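Shared between the two complexes below is subunit A, which pairs with subunit B and subunit C, respectively.
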Partner chain A sequence: MKFIVSTNDLLKQLDLVDGVVVSKPLIPILENFLFEIKGGNLKITTTDLETFMTTSLKVEADSDIDIAVPSKVSLETLKNLPTQPVTFSIDEASKSIEINTGNGRYKLTGNEAKDFPKFPELESENSIVLSSKVLLKAINKTIFATGTDELRINLTGVYCQITDTHINFVATDANRLVRVQRKGFKNGFETSFILPKKAMNLLKNALPNDESPVKIEFNSSYAFFSFTGVSLICRLIDERYPDYTAVIPTENPNKLSINRNDFISAMKRVSIYSNKTTNQVRLKIAGSEMTISAEDYDFANEATERLSCNYEGADIEIGFNARFLTEMLNAVDTEEVKMEFSMPNRAGLLLPSENESEEDILMLIMPMMINV
Partner chain B sequence: MADVIKLLPEHVANQIAAGEVIQRPASVVKELLENAVDAGSKSIILHIKDGGRTLIQVIDDGAGMSETDARMSWERHATSKIASADDLFKLNTKGFRGEALASIAAIAHTEMRTRRHTDEVATQIMIEGSEVKSVEAVNANAGTCITVKNLFYNVPARRQFLKSNPVETKYIIDEFLRVALPHPDIAFEFYNNGNDIFKLKSGSMEQRILEIFADKKQDEILYVEETTSVASIKGFVGVPQIAKKTRGEQYLFVNNRFFRDGYLNHAISSAYKELIPKDVFPFYIFFFSVRPESIDVNVHPQKTEIKFEDERIIYQFLHAVARKALGDHIQVPEADFNMAAFTVKPGVYATQPRIDLNTGFNPFVGSGSGQTQARKANSDWKKIFDGDVKGSFSERYEAEQTNLKAEFVGDIKHDTRIKKESPSIDSIWQVNKKYIMAQTGEELYIIDQEKAHERILYEKYLRSINGQQIATQERLFPQLVDLQPTDFVIVHDLLPHLALMGFDLAVFGKNSLIINGVPAGIKNANEKLLIEGMVDDFKQTQTQAKGDRFDILARSIARKTGVKQGDELSQTEITNLFEELFQCENPYFDISGKRTLKILSSSDLEKLFI
Partner chain C sequence: MDAFFASVEQLDNPFLKGKPVAVGGGENRGVVAAASYEARKFGVRSAMSGKIAKQKCPHLIFVRPHFERYREVSGQVMDIFHEYTDLVQPMSLDEAYLDVTENKIGDIYAAKIAKSIKDKIFETTGLTASAGVSFNKFLAKIASDMNKPNGLKVILPKDAQALLDTLPIEKFHGIGEKTAERMRRHGIHNGYDIRLKELDFLEKHFGKAGSFYYHIVRCIDNREVKTEWVRKSLGAEETFDIDIIEPEDLIAQLSIIAKTVSNRLEKRELKGHTVTLKIKYHDFELKTRSKTFTNWINDAEELLAHAIELLYIPELPKKSVRLLGISISNLNNEEQTPPKLSLSVAFDLQLKLPFNDQFLLDSTQALPPNLRNLNQ
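Showing the complex of A and B:
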């Protein structure tokens, strides 16, 4: 059989789902795209057994076929072709796939489609609908704060907490925490689950930054995302998420407001002089001035910089990991950023100066102390 | 029935006593050589035959004796060296008991020829088994010559137990060296079956050592000298490279008397701890000079054990001296960068690794000097020890905590380390997720990432006691650790130490701890497992000295949180690791004494392809 498709259209869809494919998987078939053509519709599926992702596009096909196409070779070929229509000729018996372009002919061997793992049937218990833009923002603001510690799997994902009226997206690596809260829902149920980081990254690349709706269905072991022709199913992290609400300090008498860009630039300069293993910087806030300092005894390096700010509260000196703090500052969109402290050994809060309606972003960073 | 208890005849008593003093030919050699030294000789000649069984002869040019003295000298408890019991505590001579000659005479054929420099004729006395056979006036050189033949001729049992001739000869050589080493001003000659083994000229200590240990080079032996009010120490320590798999090249002398001491030996070998593998013994010779009354020599018939008035101070002092000498001289394997700092100029021996030692060295006191400091540490220790016995647990904890705070937390902010020059890297990469290869100029560095990182962390955590406290990364979710009651006591004891190392721990309930924060920079470590593992390590290697606690903890953390083989590292991480390694005091060995790195020079590389 044959089908004809534009390289550009096909490539766009393949790029979306290619992120699922792992190199050197346990079973070799997972290195393939599953192509399923039915009535002129090409459905492409990839999986690593934890995550399944499908997308589809229209093609000019002369008959229906299911075949697994080696992902790396086909993708590389298409990437290096100029935009043009290409013909895929597939011999069903020998599984040979021939890609014909104006000037070239590329032949590769596919695999049996029935060897490809089945897309799990999801019996969803509940579902919610979000706009793509909102979900995208929630992912972007949280994913960087997830943990990488394989001993604490529960922290490697984004915690999704759905209550009757709002949804919380939470990520923490035990040193810092981000909570993105969306309000204004009427869900009628309450649940929570941990979404794995890989799926979040895939969504981040696939979600359009517009108002198109994303439907999220879920049961106790899977979450199912569907939007604009793309579906993604991922296995949830089956762990208990720590009670993060307990660690958010409520009494923060010391409040700071500062220009975010100035703060980031100063942090970037000063942190060059911090100890390479601890990345410690100290913030000393007194009156309307914040002094950022860092030193590295091993190399006898040190740096200080002063910034003006608005500050209410008692003078305070508090240490942070520069990388954590900078990443969090980068995740804020507003021009001014607010920080709130209680004690040098208690968590500091980082907040945007203003939130969009229905949105509440809260970041929290644990200090790094020298406990003299 | 007749009474059965009788006084033994004198020659039997002598034979029995001889068993104590004279165990083998080497004991005879020791006694005779020491007598010769005590007689103020300038030159001593030793002859032996058949491992000392057939002949032991010691010829000196010392004071000599009058005829009466010569006869008296063979009597038991006859000596010129002490006169009253008080003298026992201020011995300046080797011998003092007046037993040696009597013992030797009881079990051998002996002959003595002696002449004082002022006399004209010498006296010759021949004794066999305590029986004087003849006393004659003969012609002889000034000094004394004692000949011991057929040792143990009348004690067959003892003779049976002698080892082979080479082994007995070896014992004799050992004894000879123990006398010859501390007396470089006396010329010694040693002949075995007529062949000369040693011909030692009188001269400096350095010459004497190099003459005796001919296999060692001048720049392989480091010289240290230090004086305090308790003792003055002169020492020669071998660089780690010349440590040997067998014992035997360890010498301790107090007031020029050889002695053995496991405790002080530990002081020195622990100074080598990370520089040499476990089963290898370093070369060292230390000479202590102390007031004679501050030691007791009379604790062992062989006089090879000495009781010091204050052993702990000597221990710390010795450890510090050895440590410093080695620290000043950590040799770079293969490569020769910075080599100039270690080079010894020919002819100028053993002057450069001079140390300026804090004489009251105490590893727990950041700064300070003088004997008072060391004494203070000692009394502190006693106080804590007393607390251990009498005071309640929490009192002791409080006391220790305040001690720690007061003593360890020096002036943190101003304690800036001087940056050491590390080799500049042209290119660096990771191999097999195990090794780091770096090219610097002409050289290729191959670094074992796991060993190197252990070393870096170990030194970092160890520095925390010297005021470079480690920052604590507070954790969002405090972890609760439940411990066995016995383990809890251990951890509770260690809390102040752990705090300095960057742990934020709080006691929670009876046998539980809350981990609020961990040392910054620890990656992917399960805090709970870390604490539990540290307790295990601590239990296994528990010692009471405070310095050792830090050491155990630092080792444990370094092992548990370090980069492992198989960890993939980013470019920044490997560069950091490389640079930090060369900031270490001892970058070349890991914490168990194995190499962390290998340097291949361009000529080494060329050799690979010949």
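Showing the complex of A and C:
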């Protein structure tokens, strides 16, 4: 059989699902794209057994076929071709695949489609619908704060907490925490689950930044996302998430408001001088001035910068990991950013100066000890 | 002092005189703190379990220790030392180094001074002591061990080298059973054998102690008699009536021990940076795990949390446990040199969000479900 497709169109879809494929998988068939052509529609599936992802596109096909196509070779080939129509000629019996361009002929061997794991049938218990833009934002604002410690597997994912009226997306690595809250739902049920980081990254790349609806269905083991021709199913992290609400400080008498870009720029410069092991910077806030300083005694390096700010509260000196703080400042969209503190050894709050309607973003960062 | 605790008991209770006596070790699992010379003849030694001691010496009399009384007698003895010199370095309740190079009675013969001190101790307390006299601390200690009890031994400079050369390594103060065994594997059996080895070799195989051995076998020991004794660590431990292995039981015991340590720290206005957990298994295998923190620790709860963490990391005891101990060192009574930032310390600088199950998050090993509510 033969089908014709534009390299560009095919590549776009393969890029979406290729992130699922792991190198050296448990079973070799997982290194393939599953191509299923039916009535001129090419459906592409990838899986690592934890995550399944499919997408589809229209092709000019002379008949139907199911075949597993080695992902690395086919993707590399398409990436290195200029945009043009290519012809795939597949011999069903020998599984030989030939890609023909104007000047070239590339031949590779496919695998039995029936050896490819089946996309799981999900018996969903509940579902919600979000706009793609909202979900994308929630992922972008939380994923960087997830933990990387494989021994604290519950913190490696994004916690999704659904209540009757709102949805919380939470991520923490125990050093900092982000909670993105979306309000204005009428869900009629309450549930929570931990979404693995890998699936979140895949969604981040695949979700369009527009209003198209994303349907999320879930049961106790899986979540199923479907939007604009793409489906993703992922196994949930089967762990208990810590009670994050208990660590959000409520009494924060010291309130700061500062220009976010100025703050980030100063942080970037000053943190060059911080100790490379600790990454520590100190913020000293008094009156309407914030002094950012860092030092590395090993090299006798030090830097100080002063910024004007609005501050209400007692003078405070507090230390932070520059990387953590900068990442969080970057995750805020507003021109001004608010910070709230109680004591130099308690979590500091980082908030946008204003939230979009139906949205509430809260970030927490634990300080580092200074004066030791 | 000779068989100090046991001698005091024999002094205070004439019935015990001339009989094999063990101080401590009478309870089910206790160990002998001290044995009288009569008991030692049967092979009873301090630190021996009461059970074994009884096997070795069936008519052994166990007595409860009276530490207040020992401290009182010790005070009398130390006072006597100070009549001769103020350069007194107490090593324990019943042992001290004295530097009598310059002394208060103006005698130039150290051996005469030693004899005078021994006599005075006997006069005042009714107890005998053994003295060793020589030109450095190491040799003085060796000498004091040579003629026990009620002994006095002088090692003169001209005899020192020959004595050290023939001294079996087990007799070297500071060389224990394990080190001796390792030395024997290298063909080292006495001081002379050590002297044949290069400094590099000794340092490579025995670390810092290697350099010490290298010098002492050449009669070089320049350690001064230090009058000020600075406590390096403080702790408490508990031997259990029955061996335990369940995490709940271990933690319950740690909780009691942590409180004791905390009370002791409070009493002495001490706090420290390093927490050490000591685990002795039923087969007497001894393990210690420790961790250093940047903050000062003296609170029972914090001590307990760290001890529990050490209990779980790297792994929970797989064998039943006979003894647990918690100690704290890097105390605030020494001049502090700021600890060099190691990676783990840098990691500790970053404070963590205080999740209720923080402990669960902090351990590198998940707790069993029955313990998950521990901190809640």
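Quick note on the criterion: the second predicted complex is superposed on the first by the 370 of 372 C-alpha atoms of A that agree within 3 Å, B and C clash if a C-alpha of one lies under 4 Å from a C-alpha of the other, contacts with A are read in each partner's own complex, and residues count from 1 in each chain.
In this text, contacts are C-beta pairs under 8 Å (C-beta built on N, C-alpha and C of every residue); 3 or more make two chains touch, one makes a residue touch a chain.
Only a predicted model underlies this, so the values are computations on that prediction, with no experimental measurement involved.
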Three-chain arrangement built on subunit A, subunit B and subunit C clash or fit: clash
Partner chain(s) touched by A:278 [first = subunit B, second = subunit C, both, neither]: both
Contacts of A:148 with subunit B and subunit C, given as first, second, both or neither: first
When both partners are placed on the shared chain, which of subunit B and subunit C touches more of subunit A: B
Partner chain(s) touched by A:247 [first = subunit B, second = subunit C, both, neither]: both
Touched partner set for A:288, first subunit B, second subunit C, both or neither: neither
First (subunit B), second (subunit C), both or neither touched by A:299: first
Touching partner for A:201 - first (subunit B), second (subunit C), both, neither: neither
Contacts of A:84 with subunit B and subunit C, given as first, second, both or neither: neither
On subunit A, the residue positions that both subunit B and subunit C contact, one per complex: 151-152, 172, 174-177, 242, 244, 247, 275, 277-278, 280, 319, 321, 345, 347, 364, 366-369, 372
Subunit B residues within the subunit A interface of the complex: 409, 412, 415-419, 460, 468-477, 499, 504, 517, 520-521, 524-526, 529, 576, 579-580, 583
Interface residues, subunit C side, partner subunit A - complex: 294-295, 338, 341, 343, 346, 348-358, 360-361, 364-366
Of subunit A, residues touching subunit B in the complex: 148-152, 172, 174-177, 242, 244, 247, 275-280, 297-300, 319, 321, 345-347, 364, 366-372
Contact footprint of subunit C on subunit A as seen in their complex: 151-152, 155, 172, 174-177, 240, 242-244, 246-247, 275, 277-278, 280, 319, 321, 345, 347, 364, 366-369, 372
